[in-house]
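In what follows, chain A forms one complex with chain B and a second complex with chain C.
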Partner chain A sequence: MSTDPPSPLAHPARRGVGGPGSDVEISMSADPEMHVLARLTASAYASRFDFDLDDIEDLRLAVGELCIACSAGATAASRLTLRFAYHLSSLRVECTVTAVASGVDDDAGNPLLGGLSPGELSRRILAELVDAYRVEPAAAGVRRGSIEMRRRAAGS
Partner chain B sequence: MDAERPTLRVSLGEHEGVPVARASGEIDVATAQGLRSELAAVPSGTRKLVVDLSEVTFLDSTGLGVLVATLKRLQDGADDSRVALVVTRPQTVRVLEVTGLARVFSVHASVEDALAP
Partner chain C sequence: MPGADGEIDALLRRYAQTRDLAVRDEILTAHLGLVEQLARRFARRGEPLDDLVQVGAIGLIKALDRFDPDLGFAFAAFATTTVVGELKRHFRDKGWAVRAPRRIQELYLQIGRLVEELSQELGRAPTVRELAAASGASEQDIIEALEATHSYRVASLDAPAGDGGSLLAILAGTDRSLERADDRLALLPLLAALPERERLILELRFVEDLTQSEIANRVGVSQMHVSRLIARSLATLRAHLVAD
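The block that comes next holds the complex of A and B.
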């Protein structure tokens, strides 16, 4: 009895069904100029799992906001790492930024924004665009955050 | 990296005395300073500023912050100053709506509409 090698299309990362084999991790400088790479990766990753174009646009914006929020207090030495995972129709993005300065408060009302804080704008966007989000205070020079977005059923 | 680097172009002109800024590209945390610098040339107290965002393909909270700051600066000189945004891209409309800023700015589908009294 012959045993054919498993088809590469059987791999979860290729089937578009997710699972640990489809996780993606990227790491870069936390320089704002690099955030575009995070957004591009988010778009490409979501497209593998049949998110529709509106959801991909929402995810792209949400990942950008997550990077901004987690990068508060980032320094020239800071590294930004994103981990993308898809499982059971839910896409999760975890963000970690290292070497962040402590005591940076993006919630301080900015008079130039009419008292609105930059963090408040980010939170309003994240709250509307994704199903769950979290940005932790920096601890020991590291700030972590995450977002989750469920894929809508076709036609919903 | 150049292919991935977000680009933003902003120009400032005027139409019958109304300053009109036209932006194209991505307005994000890396490029928003370019928008801020260009809009800084509009004097405080200017009654109306039109910002054409119809060619903007990405707008995040940093860019929104620049627009809000510009409106506040203009209103420091004249309470009735307003900023009229020209927005055609659904995602840009969406980000203005979810932040509540669609009620702060006047939002129009064309520069002509934005210029109308």
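The block that comes next holds the complex of A and C.
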């Protein structure tokens, strides 16, 4: 078998090395119907760095949940931006939602959720899916959050 | 139905002391909405929601049996952790790694049939919205199935088949002109470049060993059409290999 010459497209991201050159950023309306793009990007991005199928599935769910949590109080003008980064076996997703309405109470208990608030529900779910998470209160019309998942060593 | 925190707390304390099943049922009923919300988060892989609610309900019962009201934690928060854990275990033990590809394949086949039908009906290819309406699946499910199926099919071309071979190996052994290739790996990009349906048909024919009629039934086209597509696909592969 002959050895192929290096591809002109060869890049650290293609080899699963990560680093700043492999970062991906996507921006979309904060409409929940658009979250499918976030989840698909999460799956594709994690697969490039050899996360196993279970972790990819957890990450996909977690990114969807992060989008939901950060979109509390979102308006028709809100933009949701996600930045995916992989470094030192850890995949980090940062979420920013703009034009968030002030005074939206995401922490009011809901009887349909056994008294949990939607925000608390999202945080509980994230805690079960990823290694670290953070959802900040909205400030100046912008809400930020992030999740982080470490790649497990093969066979662990 | 109890809803206020105070009522739930009282029931939780009563259940902890008495283990009265009627009290347990009241608490479980009050939290089924929470279970359903959590099950919905996990339902996008196509697993029926009702099944996931059942799995979540088991987690809820486990949470209730372990819950100690004297520790001062909110039951709903405690239960959420247990229910999500139960749903994750369900998929890890039985779902994602093993069943998802088959389910995705089935959904893909369903979509394939619908595309044929709707194309004839509409005189053009259907949209995702139309496919969702016709299949009963959500638009997101359709998009994700199409995307996942694409990844799966490309990855599965060189995966071991039931008899220990792979589509690549079997194809290379089936067709003499393909056998001449110095490196069977050369087939991989060629197979990947075939239209999705033609790759699927080759795999059904040469890996799963289905007859052309069986393939026709599964894909939703005539046996004659399957025959033509197989011949055309092999001719395409052969032509590429000769050209290379």
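Just so we're on the same page, the second predicted complex is superposed on the first by the 146 of 156 C-alpha atoms of A that agree within 3 Å, B and C clash if a C-alpha of one lies under 4 Å from a C-alpha of the other, contacts with A are read in each partner's own complex, and residues count from 1 in each chain.
As a convention for this text, contacts are C-beta pairs under 8 Å (C-beta built on N, C-alpha and C of every residue); 3 or more make two chains touch, one makes a residue touch a chain.
This one's a predicted model, so the numbers in the text were calculated from it and none came from an experiment.
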item	value
Clash or fit (per the criteria above) of chain B with chain C on chain A	clash
Contacts of A:128 with chain B and chain C, given as first, second, both or neither	both
Contacts of A:142 with chain B and chain C, given as first, second, both or neither	neither
Which of chain B and chain C A:99 touches, first, second, both or neither	neither
Colliding stretch - chain C into chain B, listed as 7-15, 43-51 or 169-177	43-51
Shared chain A contacts, counted only where both chain B and chain C touch the same residue	33, 36, 39-40, 54, 57-58, 61, 64-65, 111-114, 116, 121, 124-125, 128-129
Partner chain A, residues of chain C touching it in the complex	3-5, 8, 30-31, 33-34, 37-38, 41-42, 44-45, 74-77, 79-81, 84-85, 88, 91-92, 96-97, 100, 139-140, 143-144, 147-148, 151, 182-183, 185
For the chain A and chain B complex, residues of the former touching the latter	31-33, 35-37, 39-40, 54, 57-58, 60-61, 64-65, 67-68, 110-114, 116, 118, 121-122, 124-125, 128-129
Footprint of chain A on chain B - complex, ascending	4-6, 26, 28-30, 58, 60-62, 64-65, 68-69, 71-73, 90-91, 94-95, 98-100
Interface residues, chain A side, partner chain C - complex	1-2, 33, 36, 39-40, 43, 47, 53-54, 57-58, 61, 64-65, 109, 111-116, 120-121, 124-125, 127-129
